[in-house]
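One chain, chain A, links the two complexes that follow: it is found with chain B in the first and with chain C in the second.
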Partner chain A sequence: MIFKSIHLENFRNYKGPEELSFADTGDKNITIIQGNNDTGKTTMMNAITWCLYNKEKNSRDSPIYNRSVFNDTEINEEIPVKVKIKMEDSQGRDVEISRVNKYFKISKDECSLPDKDFRIILDDGENCSPVTYTENFINTHLPKSLEDYFLFDGELLTQFFEKDNGNIKKDVFRLSQLNLLDNVIKHIYQRKKEYINEKEKTDPKYANLLDEIDELEKSINKDKKDLVNEKESIKKNKDYIKVLKEQLNSYGDDPLKLFEEKDRLKKELKNLENKEKSSILTHKQFLINNFILIYGYSALIDIEKRGNDLREKGFIPSNYKKAFLEYLLDQNKCICGTELPIGSKEYNEIEKLCERTSEITDISDKINELLGRAKSFRSHYPQKFVEIDDKKENEQINLEDNIENKKREIDEVQLKLEGIEQNDVQKINSSITHYEDLINQSNRTIGNIETNLERDEPNLKQLVKDKKIAESQMGIMETIDKKIKFCEKVYKSSQSLYDELVQSIHENLQSLTTEEFNNYHWKDSYKKIDIDQDFNVTFIKKDGTRIPATDPSAGTQLTLALSFITALNSLAGFELPIFIDTPLGRLDNDIRENLGKFLPQYTQDKQVILLVTGNEYSSEFKNYISPYVGESYKLEVNSESGKDITKVI
Partner chain B sequence: MVETVERTVINIEEEDFEIYQSIMQKPEWKGKTNIELFTIAVLIGKFEVKKFQPLNKQKSYIRVKDNADKDEMTLLKCLAIMENEDVNIIKNEDEMFKITEGYAKTGIRKLFEWYEDSTQYITELISEVLTDKFEKNESEFF
Partner chain C sequence: MSKEINKDIRNKLDEKDNIDDKVKGFIEEALELEFEAIEDHKTRLKNDYIKLIEKYVED
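Then we have the complex of A and B:
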């Protein structure tokens, strides 16, 4: 379907009739509708879906008639709301689809429920006739399920890959019209079943045989397909591993081993440093422990000398204490306790003794005790101090040397690792492990499948043999047999065609999306866009790592979604224009520029309608896209009776 | 009767208390007692600084009774006798400990200076002075 024009009347902020023609397919296939925010771009998208499906893409609760027209309308007067889209179908016929809601103003605040009219008129140049089954027409030519693939909201495109993957796969198959072939396969299979049932009624045993063959064939086909997929998957994963290993090799020596070596050396260095720390500490403690004896030794010797002197003089140990003799004289007593008169011979003897006795005898006990303690302390003198001290010093010097050597070894390894990030290497290595795991998984699956096939294929052969014997015995029902065989033939060839198409669509979609994305996007770190059998989309980075499509920035996601959708549109057989509302909002300038440069190339022969803001429609983008622009409009807002009115200029 | 003077505590200069604290917090001093550090300070004051300085403002640092049986206490007494050149000083603890307190004041400041000036080489420095002293002892007393 080629969209020729759209006519809007009193639809939301469009007052009175407004009409826009769209650029046709061909060299100038792009229509630009430029307007700032809230000027009516999204309303235009809503008008299209309202006209086609009686539902706005972004539905709102407010009435769809224009508020300014409502204000100007007298009570009981009519307010017609109309959207008419003119198109041309693949046979060159003009198609006019119009939806009209007629409202009647019943009070100053409200309208009655509208009279509704929806019609489609076909004009082949000779006859002009209305379509009777309008809904059928829409479902066949413009199914609502395809709405998401020709009417896009740029802001929501980033959410495109957040959809359930099963849905994306379904959408891709629907857009590529593979579902038609799928229907054929299902249908023919159903027919075959019916013929078998018919036979069953005549010969249940034979029909049972056919059922078994059928089931087994299905199972074998599935296994064979899975086998191919698993083998492809192994091949693909081996390729990834090869790329990753090449990248590792490009670093020179095995960087992982070098990083391990570096970690080991660092650990050893830390041990040595701890040993050194501990050795210094014990050395200090050794010095402190011996300080007092070494430094105080002379004092200990001095007291010893004094002690010897006093011993020689007989003061220590003392026979008498001077204080005791003085006490006896003072009390006029003898040692035995008898009275001693002053001047007596015994008294005089004690007096002489007292004079000869030194006062030191009074403290002889204390001195004796001190001498004993000093002697005992001195006996601990560290005779081997210098020897042990040297040993400890040498131990430290050795540790210092070892530390220096270790640091040098680390520097040497570091030199080899210059410019290599450990994280990058670890990532690559874990990616390799991941792919190796996948390969192992595939190998296990292959093993299981091969076991199944080894069991099922001879079984099938035997069943086919049994069937032939049964047929020769029956010799009847040739017609039904022929029909069943025909169905089998059609089923097999359709299935094989289907598989080939799926494969081809998948490969083309992947390469075209990658090509488009790389042209649009400035970042060369994304090597490839990978679309797997289930249409999960992932980025493969240059270093071989994979990231999901939903991971990068909004701008990158939008670029990917645009690439994917335009690639899909180029591959699909469906002829519909591409409408994109605010497609460039989240994109950087250089991506916009690239989009301007390459979008026309990828949307050749397709109508493209871009609804853009002034900011989006930058001069760089404009320069590139101008040669392909067939129609260009500007939406402006005027204010009437306090309401904003969109005008198309 | 013999008259004796006894002391309850040995004092240090009040302003040096922080120095004592900071040294005691060093890892190599873990497990050491106040009297050990004090004795080392006295020895440094006596044999390295060779200077006595009476205390200005005193702060109690060591309880005499608690340390009476320690080797360090024996040494402090021996030092006081050596300094006084008279064993009779043993009767007067106040006089005895005043001598040690005056040397500890100059000694602890020297030790702190060693730590401040040669954090990296304190081991070498102490090892050196101790070896010198050890060798001197060897030649004088053995």
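Then we have the complex of A and C:
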């Protein structure tokens, strides 16, 4: 469908009537609708989806009629809201799609529910006729499910790949009309079944044979397809493993082993440190327990030495106590009790003895006892104290040495692991294990499939032989057999056509998306855009690593989505224009410039309608785009009855 | 074939030498039937297919 023009009346901030013609396909295929924020660009998109699908793309709760018109309308008067889109179909017919909601103002604040009218008029130049099945017409020519592929909101494009992948695949098949071919295959298969049933009534054996062949062929085809898929999957998973292993190799020695080694060394270091701590504690305890003995030892030796001196001098044990001799002298008596006059020879002898006798003899018993205790004390002194002390010290020195060595070993391992995160390595390893599991799983599946094929293919050959014999015996081929045979031919041909198309659409989509993306995007670290069989999109970087489409920055995601969607649009079976609302908002200047340079090339023969802000439509982008612009409009806002009204200039 | 059918499908079908013209013609017309098919009119589509098969088999 070529969009020729849009007519708006009383739709939200368009008071109207406002009419815009769109640039046709051809050399000047771009229409620019320029307006600042809140001037009505998104409302224009909403008007299109409202007209086509009775639903605004960005739905809002407020009423769709123009508030200024509402204010100026008397109660019980009508407010018609109208959007009319004129198009041209592929057969050159004019198609006019109009949706009108008539509201009646029932109070100063509200309107009644609207009277609705939706019609499509076809005009081939001679006859003008309304379309009976309007919804079906829209569903056939501009299906709502494909709305995202011709009406883009630039701001929301970054979320495109967050869509569940099954939906993207469905959309691709629908856009490329593979679903139509798929339906043909299903229908022709169904018809064939019905003919076989019909035949069964007249020739049960033959029909049974056809049934069996049919089932077997289906099963073999499925197995063959699965076989190819599994082999591809093994190849892909092997590639992943190769990239992951290269990543691991780039780390040098086996990093996981190094991390294990580091953990082991750390554990050993901890043990040594605990041992050292405990050894220091035991040593301290040993010293504390023997503290008195150790520090009193020299005093004990001194006491013993002095005791010996006293013994040698004969004071200990003492023959006489000095106090006793002094007492005798004082009493002038001999030990035997005889009187000793002062100056007598005996008196003088005792006096001399007294002078020679030390006072210490008075406490000799106590000293003797002390010496005995000192001796006993010394006898408790740890016999091998020094030896034990030395041993403990050596033990600590050894432990310290071991700790130092262990730390050195850890440092050496750490040096090898510099810049490597353990989590990254574990992740890589578990990914490798995951892909290896998948390969094993695929190998098992392949084994099963091959066993099935070895059994089924000879069976099929035999059944086909039986069928030919049966046919020759039946003689004249009946019409019903002709129909069955024809259906078989159509079925097989459509199936092979379908398989080839899936393959070629997939390849074209992948190469076109990659080419477009690389032209738009400044970064050359992305080598390829990979689109797998389920249409999951991933970036492949130059180093071979893969990044999901949802990972990079918003600008890169938007560029990818734009590349993917325009590539898909150009492969589509549908003639669809490309509307993009605010396409450049999140893009940096380089990408904007490239988009201006290459977008016209990738959208040749397509209608392109860009709804842009003044800021977007400027500098290099504008210079590149201008030669392709066929129509250009500006949206401006005026105020009427206190409400903003959009004017198209 | 109608222009409404994806030209890639049309071209690929034309390219295929191993499909005879009768089958090609049938697939083209069947694709158009599918394109124009109305969701709620399944019986009509079935009858259209039956007529189409009869047309090609009689030819």
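The rule we apply is simple: the second predicted complex is superposed on the first by the 405 of 649 C-alpha atoms of A that agree within 3 Å, B and C clash if a C-alpha of one lies under 4 Å from a C-alpha of the other, contacts with A are read in each partner's own complex, and residues count from 1 in each chain.
As a convention for this text, contacts are C-beta pairs under 8 Å (C-beta built on N, C-alpha and C of every residue); 3 or more make two chains touch, one makes a residue touch a chain.
The model shown is predicted, which means the values in this text are computed figures rather than measured ones.
Within the superposed three-chain model, A:Lys284 lies in touch with chain B and out of touch with chain C [touch as defined at top]. When both complexes are overlaid on chain A, the residue A:Leu258 reaches neither chain B nor chain C. Shared-chain residue A:Ile360: touches chain B; no touch with chain C. In the overlay built on the shared chain, the residue A:Tyr295 is in contact with chain B alone; chain C does not reach it.
Using the contact criterion defined above for the overlaid structures, shared-chain residue A:Glu500 touches chain C, although it does not reach chain B. By the touch criterion stated above, A:Leu370 is placed in contact with chain B alone, chain C being left untouched.
Those residues of chain A lying in contact with chain B across their complex are 280-281, 283-285, 287-288, 290-292, 294-303, 306, 310, 323, 359-360, 362-363, 366-367, 370, 373-374, 376-377, 380, 382, 385-386, 389, 393, 396.
Listing the residues of chain C that touch chain A in their complex gives 2-9, 12-13, 16, 18-20, 22-24, 26-27, 30-31, 34-39, 45-46, 49-50, 53-54, 56-57. Interface residues of chain B, counted against chain A in their complex, comprise 1-2, 27-29, 32, 36, 39-40, 43-44, 47, 71-72, 74-75, 77-79, 81-82, 87-88, 90-91, 122-124, 126-127, 130-131, 133-135, 137, 140-141. Chain A meets chain C in the complex at residues 89-91, 133, 136, 139-141, 176-178, 180-181, 183-184, 187-188, 191, 479, 482-483, 486-487, 489-490, 493-494, 496-497, 500-501, 504-505, 571-574.
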